[in-house]
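Structures for review follow.
Look at the two complexes coming up: chain A is in both, with chain B in one and chain C in the other.
And then the complex of A and B:
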C-alpha cells in the first residue's frame, strides 16, 4: 500500500516551522508559532453540549454542482468521504495525513488500480428516502460516476485520471485510472469536493441542492437551515464510529460583519475564532481578544493562501528571465509583511510555506532564493542588462477581494517597482471581472492576487502547465511541464517529494511569478473544548468529530 | 372629498411606479461590460453563455422581457434567485417583515426623539437646551451609521463583556427576545432621521409660535402646554409628516448596513448578499419592493397631510 506524500514530518518543531517560512520577524519576539494546544488528558470525554461557530449559507447543498467552500464546510459535518485527513491535537497544522473514512483499508495492486474495502454497517442518516439504509459499494460507484459526468462540476478536474469505477462486491470498490496518479488519494481525501452521496436522494430531489437532500453518513445530521441566519446539525446516533461524535449539536451562525464577529467572540457568543478559513481571528483583533479572553486556547500557523504577481511571459518584456528576476528582487517582502500582517508571516516557496510537509524549506530554495532577496541595485543591473536601463511602463490588474492587506501589498509593490524605474499602472477590477479575466491569465501584462488555497501540491504545480487556465504567467516551459506531469507518475513518496522540491527550486530560479509572503493565522477556541485542533482546509466536521466539552 | 383626493393621488402614483419599474428593469442592462459573461464565468449559473442569457430571458426583445417580468411581478412572481435557486418572492416574504420591523422601530425612535427635542429646542430658543439639541442634531446627521453601529457593537464587548445577540430570534420562539433585538439597531438607524425631524420641528414650531393666533392664545392667558401642544404643534407638524415619508426611504436604505452589523436577516442584508453574488433577479425584485414601499408610504403621507391640513388639495 502506498502512502500519501502528505505524511507529516515527525516531531515538527518551531525551528522547522520557521525554516519552512524562512523568516520569523515579529513572531520570534511574540513567541513560538504553535502555542497553547492542549491534548485531552486522561479525562473522560463527555458527550453532549453545543458548539457554535461562524456558519455559512451556501448557494445550495449539491457538492457536484458548486465549488463553493460554503457548501463544503456544511457538508463536512454531514457527509463522509472514502478517505479523510487525520485530525486531532497531535496533528500539526499544515500537515495532512491520509486515513480511512468510509474505507477501512485500501490497496494498490498496480500503478493504475486502487481497491477500497468499505466499513460494514455504515448507515445513511435516518431521513427519507434513505431511512438508514446501509451504505454499499454501489453508493461509491454512483458518487464517482455522477461526479465525473455531471455537467457544471467545477471540481471535475480532480478525477481527470479516473477511467472507471467498479463494484467488486457489496463492500469493495475498484478504481481504474487512465494513467498512474500519485495524487489520486489526496483528491479522495480532499474536503473540497468528494463526499459520498446517495442515488435515492438525487432521484427524489432531482439534485442535492435542497436542505432536505442533505443526507449523508457523517457524524451529524442537518437539523435546520435558515438562509443567512443559521444552519444547525444534530448528532447522528447511528454514526459508524460508536460513541462519536461527542457534541450533540452544532450551530453555524451566519453573520458577515467583522466587528460583530469580533464582539460575538469576545463575549462568548461563539466558541471558536470566527474568521474564514476555519476558526481564525484577525491579527489586528488579537490583542483585544487576548485581553478579554485570556484563557483562550490558540494556535498560530502559516496560511496556505499565497498571493503572487503573474506576468505575461509570452510577451515582452516578461519573456526575459532577467526582467522577471529584477521584478522579484525589487520587492522588499519583509516590509510588506510588516505593513500587512504586523510583521508576522512567512516567505513562500512556490508551494506555500503553510503546507509544511510539502513546501520546500525556504532556505533550501537554492539559486532561486537570491531572486527573492530585496536588492534594488542588482535589480536595476539586471534590467539594464535586459535592455531596460531606463525602466519600462506596464499595467497590473488586480481585485481588492475586500481586503485592505491586498490593497496595501499592491501599493507597496508598485512603489518598489517604481524604485527600479518600472512604472506600473494599477488597474483595479471588480472581483467578478478579475476572476473572469486576470485570474484566468487574461490580463494585458501583469496581475496580482491570492491563489486557491489547495491542500495538495498538484493544484499549485498545475498552474505552470501550458493549458491550465490558472497559468496566469503563461508559462510554456517544456522542461518544467515534463517535470510536473512526471510527478504524478512517481508513486514512491520520498522520490516524489524530491521531485516536488526540485520543481520548486526550478520555478523559483525561473522567477515565473513574483511570490509574496503569507501571514500567520491565529486559530482560537474556547478553552473547555477538548480534543480539538484547527488546521487548514474546509473539514470543520472532521476536526470536530472527536472533540468534546469539558464544562 | 378626501376620498376623491386619495384616488387622484393614487392615479399619480401609478406612473411613478411604472417609471420606477422601468428603471429597476433597466439597471442590469445599463451596467458596463457584459454582466452575463461575468455572472457566468464567476458563478457558473448556467451551462454556457447562451443558456445563461436564456435563463435570464435576455434572448428576447427587451419590451417582451419587460412585460413578462412586470406581468409576473404583478401576480407576486419575482422569479428565482440565481444563487440559491429559491423563489425570490418566498425569500422576500421572510425578509421583508424583518426590515419593516427594523424600519418601524427606527421611525418610532426618530419620532420619539425628534419631535420632543425639537419642541423643547423651539420653546427654549437660544438657551443651553437649544444649543445642546441643535449640536446633537448636527452630530446625528453627520456621524455615519455604520461607524456608530460598529462602535455600539464592539465597545461594550470590550469594556463590559456584552454585545447584542448575534442570533436572530423569531417571534414565535421568543416574542420578547424578538422585539428587543430590534431596539438597538432601530435606535441607531433612527438617529439620523430623528436629527432631521428635530431640526424641522424646531424651525416649523418657531414659525408657528410667531403667528398672530398663537399670540392671541398667549394673551388669553393660556398655559404654555396648551399653546404649544394644542394650538401650535399640529400646524408645525404638517411639513414634518411629509419629511417622515422621505425618511422611510432613508431608513430602508439604512437597513442594508444595520442588518449586516446586527445579524438581522432582512431585505437589506438580502440585497447586500445579492449584490455580492451578482444575483440580478434578486436585486431587481428587492428594488421593486423598495420602490413600491416608498411610493406607497408617500401616498399615505400625502393623504395624512391632506387630513391634517384640509386646505391642501393638489
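And then the complex of A and C:
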C-alpha cells in the first residue's frame, strides 16, 4: 500500500521547527519543543474524574451540513471514523500516523479499490432510536452515500473520486474510486468531516442538527448542550475499546471572550489552554499564566491555522496579477507577527508551515518568495504599472472569530494597504454570516479569515479549483487546476511531494491570496493529566480518549 | 463713506455698544453660572475640550490614529508617548484624540435624530390628544416594554455593524423615552392662553406647534439632551465592546477598551485604562452639565437651591 507524504516521522527536532516555516522571529521561537513539568506518579491509569476545556457552541451538529470547527470538535468526542490519527505522548505535534478506528484492517487490492474490515461488537450509543444497535457495514455505506449526495456539504470535494460504496458483508465495506486518489486514506482519517453517522438518527430527526441527534459510536455520549454556555459529555460505558475512555465526564465551557477564558484558565476553572485549536494559550498570556500556574505542562509547535486575504480575481482590479502582487508586497508580515504573536511564528507557503512534512520550506518558494517580501515602493510601482497609480478603493469582509489577533491583523493590513494608496473599507460580519458568505467566496471584493486547518495537502490545494466553495479568490487557472487534480493520481510519495512543492511555488508566484504568517503555539495543560499530548486538528476527543487524571 | 456709517438700532444705541453690552452680560452669566454650578462649568469645559479634540484631531494628535511606530510596541506612558502605545505600536493618546470623533459623532447625531423624532411624536401627541394620543402612546409603551439591549442588538443584527447603524439604533431607543417627557411638557404648554390666542387668530396646527409650543418645550429638550448624552456614549462604548461599532482600524473608546485593551490588560494595563478614563470623564461631564442646565432652565426649580443664575 502506498504511503501518504504526511505519514509519521521519527520526531520533531528544533531544526524541524525552524525548517517548518523558515523564520522564527525571536529567540524563544527557536527554542523549546518542550514538554514542561510533569507529575511523577502512578503508571496505572485511574478511571474517573472530569475534564473541563474551553468548549464551542456549533451552528448545529450535522457534520454533513457544515464545515465549522465548532461542530467537528464536539463530534470528535461522540463519533468514530473508519480511520483516525494516532494520539498520545509519543506522537509529535504536526505528524499524523493513520491507524484504524472502526476499521480493524484495510487493504488496497488495486489503485482504485479499498476494502475495510470493521471491528465487531461496536455499538451505537444507548439513545433512541439507535438504543445500542451494533454498527455494521450498512452504516458505513449510508454515511458515505449521504456525504456525497447531500446538498450543502462544503467538504464534499474530499470524496470527489469516490464512485461507489458497497457492503461486502456485515463487517466488510468496499470503496471503488473513479481514479486513483493518493489522499483517500487521509480523508477517511480526517477529524474534520467524515465521522460515521446512523440512518435511524437522520430519519427520526430529519437531519442531524439537533443535540438529540448526536448519536455516535465514540468514547463519550452527549449529555447536555446549552448554547453559548456549555456542552457536556459523559463516558460511553459500551465503547468498543474495553476500559476506555478513562475520564468520566467532559465539560466544554463556552467562553467567547478572550479575557474571560484566560481568567478561567489562570484560576483553574478549565484544565487546558483555552485557545483554538488544540488547547493553546496566547503567547502574550504566557507570563501571567506561568506565574499563576507554574506547574503547567506546555508544548510548543507551529500552527497550521493560516489566515489569508482572498480577493475576487474574476473582477477588476484583482484579475491583474500586478495588483495581487502589490497587495502582497504591501504587507509587513514580520510586523504583524510581532504585534499578534509576540514575534514568534512562521512564514507560510501555500500549505501552512505547521504541516511540517507537507509544506515546502519557505526559502524554497522560488520566484513567489519576492511577492511576500515587504516592499511598499515596489508595490506602488506595480500598482502604477497596472493603471492604479493613485490607488483604488475596495472592501474587505471578515469576522473576528472572537480573536483580538485577527482584529489586529486586519487593521494592520488595512494600514499597510493604505500606505500604497489602496483604501480598504472593513466590513465586519458575525461569524455565522461570514461563514455563509465570504468564507465561501461570496464577498464583494476582498475577504480575510483563518483557513480550514486541514491536516492533508488536498484541502489547501482545493481552494484553487474552480467552483469549489472554498475558492474564495475565484481562481480559474486551468494550468493550476490540472496540476492539482493530477496530484492525487500520483501514488509515489516522493513524486507526489515534488508535485505538491511545484504547485506551492506556482501559487505563490501568482499571488492568488495574500498569505499571513502563523504563530508558534503553546499548548498548556494541567500537569496531572496523564497520557495526553496536544496536536493540530479538531480531534479533541481522539486525543483525550486514553488520558487520565493522576490526582 | 462706509467707515463713517453708524448703524443705529431702533432704541437708538450704536451697534458696537450694544454688542459690548451683550458680551458683558454673557460673561457675567457665565461667571455666575461657574460660581453657582462649578461642576456644571467643569462639565462644560470637558465637553468643549472633547469638541476641540474631535474637530482638530489632526493638529492635536502627534500621530495618525493608525500609524504604526517602529520599535514602539507596548511602551508605557512616558515622555515619548504620553499615554503609552498599544500592541500594534500605535500611540494611545493619538487614538483617544481621534476616537473623540466617533464619540462626538455618535452621541450628537443620536441625540439630534432621537430628539427630532421624540419632539415630533411628543408634541403632536400632546397637542392633538384624543385617539391619536392614545394610539401613539400605546406604541411607545410597547416599545419601552422591551429591554434596551435586546432592541439594539436586534436592530443591529438586521442592519449590521457600523457607525451609521449604531446611530440609527440608538436614536430609535432614545426617541421613545424622550417623547414621553416632551409630551408631558406639551400638555402643560398647550393649555396656555397664548396658544388659545394663536388658535383664535386662525393659526394652523403646524404653525402653533412650531411657533408656539416647540420654543416653550425647548428647555426640556435641552435638558434631556444633555443628560442623555452620557448614556449614549456609554451605549456606543458597550456596542463597540460587543463588536457592533466602528470597524477597525478607526478607533473608538469602547473598542479600544474592549479589544486589545482587555487582551493586554495584564501586561499593558494602560491600553485599557486611558480609554476607560476618557469615557468616564466625558460621561461625568455631560451628566454634570445636564444637571446644571436642568436647574437653570427648569422653571419649577428656579428660585430653589441652585436655581436660575440670572
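Here are some notes:
As a working rule, the second predicted complex is superposed on the first by the 385 of 551 C-alpha atoms of A that agree within 3 Å, B and C clash if a C-alpha of one lies under 4 Å from a C-alpha of the other, contacts with A are read in each partner's own complex, and residues count from 1 in each chain.
Rule of thumb we're sticking to: contacts are C-beta pairs under 8 Å (C-beta built on N, C-alpha and C of every residue); 3 or more make two chains touch, one makes a residue touch a chain.
As the structure is a computational prediction, the values presented were derived from the model and not from experiment.
In the superposition on chain A, A:339 contacts chain C only, with no contact to chain B. In the superposition on chain A, no contact is made by A:485 with either chain B or chain C.
Of the two partner chains placed around the shared chain by superposition, chain B is the only one that A:229 touches, whereas chain C remains out of contact. When both complexes are overlaid on chain A, the residue A:411 reaches chain C alone and has no touch with chain B. Of the two partners, chain B and chain C, it is B that touches more residues of chain A. When the two complexes are overlaid on their common chain A, residue A:284 makes contact with chain C while staying clear of chain B. Of the two partner chains, chain B is the only one touched by A:151; chain C is not. In the superposition on chain A, A:259 makes contact with both chain B and chain C. Once chain A of one complex is fitted onto chain A of the other, the partner contacts of A:435 are limited to chain B, with no touch recorded for chain C.
Contacts of A:168 after superposition on the shared chain: neither chain B nor chain C is touched.
Once the two complexes are overlaid on chain A, the chain A residues touched by chain B in the first and by chain C in the second are 257, 259, 288, 430. Of all the residues in chain A, the ones that touch chain B in their complex are 57, 59-60, 66, 151-152, 154, 209, 226-230, 253-257, 259-264, 266-267, 269-270, 288, 292, 430-433, 435-436, 440.
Contact residues on chain C toward chain A in their complex (touch as defined above): 66-68, 73, 87-89, 157, 160-161, 243, 247-249, 259-260, 262-267. Of all residues in chain B, those touching chain A in their complex are 33, 37-39, 41-44, 47, 83-86, 91, 149-150, 153-154, 156-158, 161-168, 260-263, 265, 269-270, 273, 277-278.
The touching residues of chain A, when paired with chain C in their complex, are 257-259, 282, 284-285, 287-288, 335, 338-340, 400, 404, 407-408, 410-412, 414-415, 418, 425-430.
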